[in-house]
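We call the chains A, B, C and D, going by the order they appear; numbering starts again at 1 in every chain.
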Amino acid sequence: MTQDLDHDNVAHGMTPEDTPELRALYQGFKDNHLNPLWTQTGDLMPMHPKPQAVPHVWRWADLLPLAEQSGKLVPVGRGGERRAIGLANPGLGGKAYVSPTLWAAIQYLGPRETAPEHRHAQNAFRFVVEGEGVWTVVDGDPVRMSRGDLLLTPGWRFHGHHNDRDAPMAWIDGLDIPFSQQMDVGFFEFGSDRVTDYATPNYSRGERLWCHPGLRPLSQLQDTVASPIGAYRWEHTDRALTEQLLLEDEGQPATVEQGHAAIRYVNPTTGDDVMPTIRCEFHRLRAGAQTPERREVGSTVFQVFDGQGAVVMSGVRHTLEKGDMFVIPSWVSWSLEAETQFDLFRFSDAPIMERLNFMRTMVDGG
Amino acid sequence: MTQDLDHDNVAHGMTPEDTPELRALYQGFKDNHLNPLWTQTGDLMPMHPKPQAVPHVWRWADLLPLAEQSGKLVPVGRGGERRAIGLANPGLGGKAYVSPTLWAAIQYLGPRETAPEHRHAQNAFRFVVEGEGVWTVVDGDPVRMSRGDLLLTPGWRFHGHHNDRDAPMAWIDGLDIPFSQQMDVGFFEFGSDRVTDYATPNYSRGERLWCHPGLRPLSQLQDTVASPIGAYRWEHTDRALTEQLLLEDEGQPATVEQGHAAIRYVNPTTGDDVMPTIRCEFHRLRAGAQTPERREVGSTVFQVFDGQGAVVMSGVRHTLEKGDMFVIPSWVSWSLEAETQFDLFRFSDAPIMERLNFMRTMVDGG
Amino acid sequence: MTQDLDHDNVAHGMTPEDTPELRALYQGFKDNHLNPLWTQTGDLMPMHPKPQAVPHVWRWADLLPLAEQSGKLVPVGRGGERRAIGLANPGLGGKAYVSPTLWAAIQYLGPRETAPEHRHAQNAFRFVVEGEGVWTVVDGDPVRMSRGDLLLTPGWRFHGHHNDRDAPMAWIDGLDIPFSQQMDVGFFEFGSDRVTDYATPNYSRGERLWCHPGLRPLSQLQDTVASPIGAYRWEHTDRALTEQLLLEDEGQPATVEQGHAAIRYVNPTTGDDVMPTIRCEFHRLRAGAQTPERREVGSTVFQVFDGQGAVVMSGVRHTLEKGDMFVIPSWVSWSLEAETQFDLFRFSDAPIMERLNFMRTMVDGG
Amino acid sequence: MTQDLDHDNVAHGMTPEDTPELRALYQGFKDNHLNPLWTQTGDLMPMHPKPQAVPHVWRWADLLPLAEQSGKLVPVGRGGERRAIGLANPGLGGKAYVSPTLWAAIQYLGPRETAPEHRHAQNAFRFVVEGEGVWTVVDGDPVRMSRGDLLLTPGWRFHGHHNDRDAPMAWIDGLDIPFSQQMDVGFFEFGSDRVTDYATPNYSRGERLWCHPGLRPLSQLQDTVASPIGAYRWEHTDRALTEQLLLEDEGQPATVEQGHAAIRYVNPTTGDDVMPTIRCEFHRLRAGAQTPERREVGSTVFQVFDGQGAVVMSGVRHTLEKGDMFVIPSWVSWSLEAETQFDLFRFSDAPIMERLNFMRTMVDGG
């Protein structure tokens, strides 16, 4: 019963008569940098999240040519730092915020180019939907970037990138820039104009220390706030998802839902999310599978890695192809449909919501 | 060395020539809801927090008369919900945000008035700088409000207030409304138009169960995300601070700094902050004491409870009297000076910063 | 079905024929410090805990005169360290172990006597069933001991006791000596032959810093493995229990079971047990109340603090008076019955069982 | 100064005169199941751990033939349950305890034999120093056992073993039986007389779900008290150690000490030990390497997996070969020396000591 009441359909019991005294009072508020709650309750305290950000799809077919053109026209270097083009949520007034918390961009590096080193409090990752040839150097550790890999740059680690090949490469970046900007938590420091190590090893030192399942180096017993793994390789992600679907075929519990395999990338020192503000996951749907309609607090971004399908957001269906990206703002309903086997990379601000106890989820028929 | 570089004094290596092709590219960005990083790096990723919010002082001598006048002109009731007047940080464009995360308001209830019940995801508290006679009813438990008391209303608990006396009463409210609003996490539900229990006990049931130092009811072994204590009474706060200063006199470690006693209000089930997003503390300085200059990530609000003194924010000194409130935005330098014994209530968003690993502190000479 | 099988009633499928070869094999085991599992499975791996320790009651009417006589005949001093008489479980072969994990003793200090300072890895507490006049000095902090108080001496803190009065005083000690001894974890160091501070304050420094409900000194933000509170006073315990029963009268959830109020003494920095190996609680039953039959992993010791009642252990009923102590070994069934209002202090090794995931509980009708 | 004092060299200030009254008092203690502390302080509360358990080496050359002979003479089956021969510490009176907390045994299964299913509260693992062909079936999941593998059976999971080959197989078992027995925490239940699944897959379902580095199945977000990984494969362990030594060669921090690589097997849901009471590790020393002398609280068992070397325990040197096992009781000094590359599996009760805050370590020159 009370649940059906909304700010819009309850009588407003605090509407004073418009008198000179009232106007004087309101002017007094203004003069003293005050603002009464009763004139704005519904906006400040909505019945459920009513984000300004809107659901939106960006097409890889649009993103990549613009990135390539940037590669031709805009040099990469100190000051601007990165040839990264941010997805600007149409509801957020042109700001390069894909959501109130998250930044998502396509980054592009031409043949033999270097993006200089810096570090910042903001947490970052890169995900590679296609291509290879770039190494990101994180606190001096060169990390190969190849298709399907997730590469981490947790807060306050120096990092730069260099392209070791004669072909350009593009990938996506995810950061908590909007959150950091709005919450005033950012710090930044310039590093070397070149990367500190131009070696191009197949595996980074972080991987060589940490990427052995269930094995922890005895020299690394201190838990870390972000994952010490710099690169989560496609070969492992693909195998994990493949096994989940095979186990499902064998009648074993392994998938999230029928036909829906998924992994979360985690910090091996704790089993928790890879970074304090950003969750990263990879989802695979069997051809024909469909997920139930969901609403969740917080915002999430997907990129299609492979296959064809669709997303329905707030009841609107968008077909999707490889590379396409979309954002689902807080409490917007969504579900996925797979036409072929359908692989999607996902990141979100869920750790923020969970650590501050704001997470809620509603699953249709759940 | 690299620390001295700022975005403003490094050569910007990403300034392309202004050509028709470039203009076409930038138009392409706009058409596709994109925004390049290189034109805005310094704004999005500052060298250190550069808040839009500014340090500001609100005078009790201004606040209280406006609240009283509101009491005369504006009824309290369903829809507007509360006769609360929010402090609007002058840097935040007139929004009723005292900082990007926090809401602070003076609330006023006339003789025999009732503010109706509701609940919301936002966390709230009240602190009483003067007066008595109101009971806040939290999930059915009537909680007396008296001078010096901190009263909690953690997220999603029904609550209303009623004034049992023939005199009005004013107090301050603190909430995480701006954070909730910007992060799209808010839920709201109307409750009873009257409070569910008009009893006026001296101690709430929560206090009677929980306010025995070091003793936990065996029926309450589950940890809770927010404190189960509804009221932190002045008698305990005052005694704790008095004892710290006496111990300091005896040469024992007890105070934060010489002449500076302080307590944090905590959740007895965990020893942590009272609520997931808001830290509450009380500080007492001996006459003549001065705190070292500090900078901290996150924003904080103080209200003078008693005595006279001053705050220096960003080098500007403001003298302070009982009831005065001031906000210190992220990374703004501040220190306190006590002319007399100087008592201050403090609240901040530090739990957000700590849980997400963004906290940093810089103490002068520290 | 399988639950009904016991080692005694399954056919033993590993009974080899007694041959010279078998005897040679068994001799080979012996010569090589080996021991086959199959000859002892039932003993090593029982169907449920089958403790050697037995339920037992010690009468205060027996304990106190023996302690007084010790006071006359045995001096207290360095080497023997304490005039403490340990309860020796009749099932444990005369060892001064009240259970495999716990030590319980009556300690006695004559007029003006001092027990010298020392420290040890073992965790200790004292509980006072009657009397006053002794101060225990813990890491230099003098702590008054009075009827109903629980006094802590967590591992590795120097402590000694002195009697400031012309009358003797007796109290009980609880430690994890048997656990420490069997697990080989003990360290010990002698301290001053006299206590380091003969002051006799009403409240210890630890209490003055920490015993303010829900308030944490800002100078003490580091969590501690054991409680920083040296004394849990009877006035608080009594009030907490009184309030629980009053709340029960008012129809509010507060007690463990109908007519059964109880508190756990906790570490205010975490809300957890006061020490890593020992749980301390206080229970109050209304006259006529009876607790359901329980079995728990781990051992527990009670001392009657006030009133009259009985305990039923393994079906045997023992009437109880003030000062009487009893031990309940692991998985022995027990329940309490109150003839008058019945107050009992309890301590146990439950933190060991819970931290190592061995705890199980079975409650009759639960 | 006080550190140099021992119970043996301080004057004992509590030696009363031997009188008839004293004898009567001591008889009174005995009659009432009491035992005075002052006659036994040094034994009950030693200056440092003085274990009854002694350092000891068991030779594989002795163990294996006795196991083989058991295979000929003793059938395996219900009642005795396992053809396991426990290492009996010479200091512990013939009990099959390798230390006060740990059980270590060689288990032997003949061609085509089955060890029936059961479950118990005790935590167990198996480690394979040579051979293959046995599958252990844990809660219905068949787990291959091969050289170098660590196989887990955490508490209360049904498990049985079967040999799928025509050759026998031996391995070692480790459990917390002595701890469970002395602390009275054991529960036991018989299961199927045959294993529930005779399939012989290369990889268990637990591995297929969990053994992807840094990837957590989205269907398995609940942390578990013991590791969900049933088998830690040699290929991963070997590669992790190899990489650590290569990184050391490259001048990178990776090893515990110069020439000493090591991993801890962990629970991927938390990054902590595999089971609540047992720590498992694998150590590799370069030829010629030597570890500093160490003392640690708690007991530990090693088995040589490969190579040749020695252990020095309490100053006594023992040369070691493949399969040899040795136990280091609490606070006994030890160091390892490698003649060739030297691989050792290790398990210990360190989680008990750490969770109860009793751990201490002393490293020579550390």
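Rule of thumb we're sticking to: a contact is a pair of C-beta atoms (placed from the backbone, for glycine too) under 8 Å apart; a residue touches a chain by one contact, two chains touch by 3 or more.
Because the structure is a prediction, the values reported are computed rather than measured.
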## Note on the structure
Contact tally winner between B-C and A-B is A-B
### Query
Farthest from subunit C in C-alpha centre terms, which chain would that be?
A
### Query
Any idea how many Å lie between the Cα centroids of subunit A and subunit C?
52
#### Entry: subunit B-subunit C separation of Cα centroids, rounded to whole Å
43
### Query
What is the distance in Å between the mean C-alpha positions of subunit A and subunit B?
29
### Query
What are the residues of subunit A that contact at least two other chains?
none
### Message
Touching pairs of chains, all of them, please.
### Response
A-B, A-D, B-C, C-D
### Task
Would you pull the subunit B residues touching subunit A in the complex into a rising list?
2-3, 5, 7, 10-16, 19, 21-22, 25, 28-29, 32-41, 43-51, 53, 56, 58, 62-63, 66, 69-70, 72-90, 94-96, 100-101, 103, 105, 120-122, 155, 177, 179-191, 225, 276-277, 297-299, 329-331, 349, 351-353, 355-358, 360
### Residues of subunit C that touch subunit B when the two form their complex
205, 208-219, 221, 223, 227, 229, 232, 236-237, 239-240, 243-244, 246-247, 252-256, 262-271, 274, 281, 283
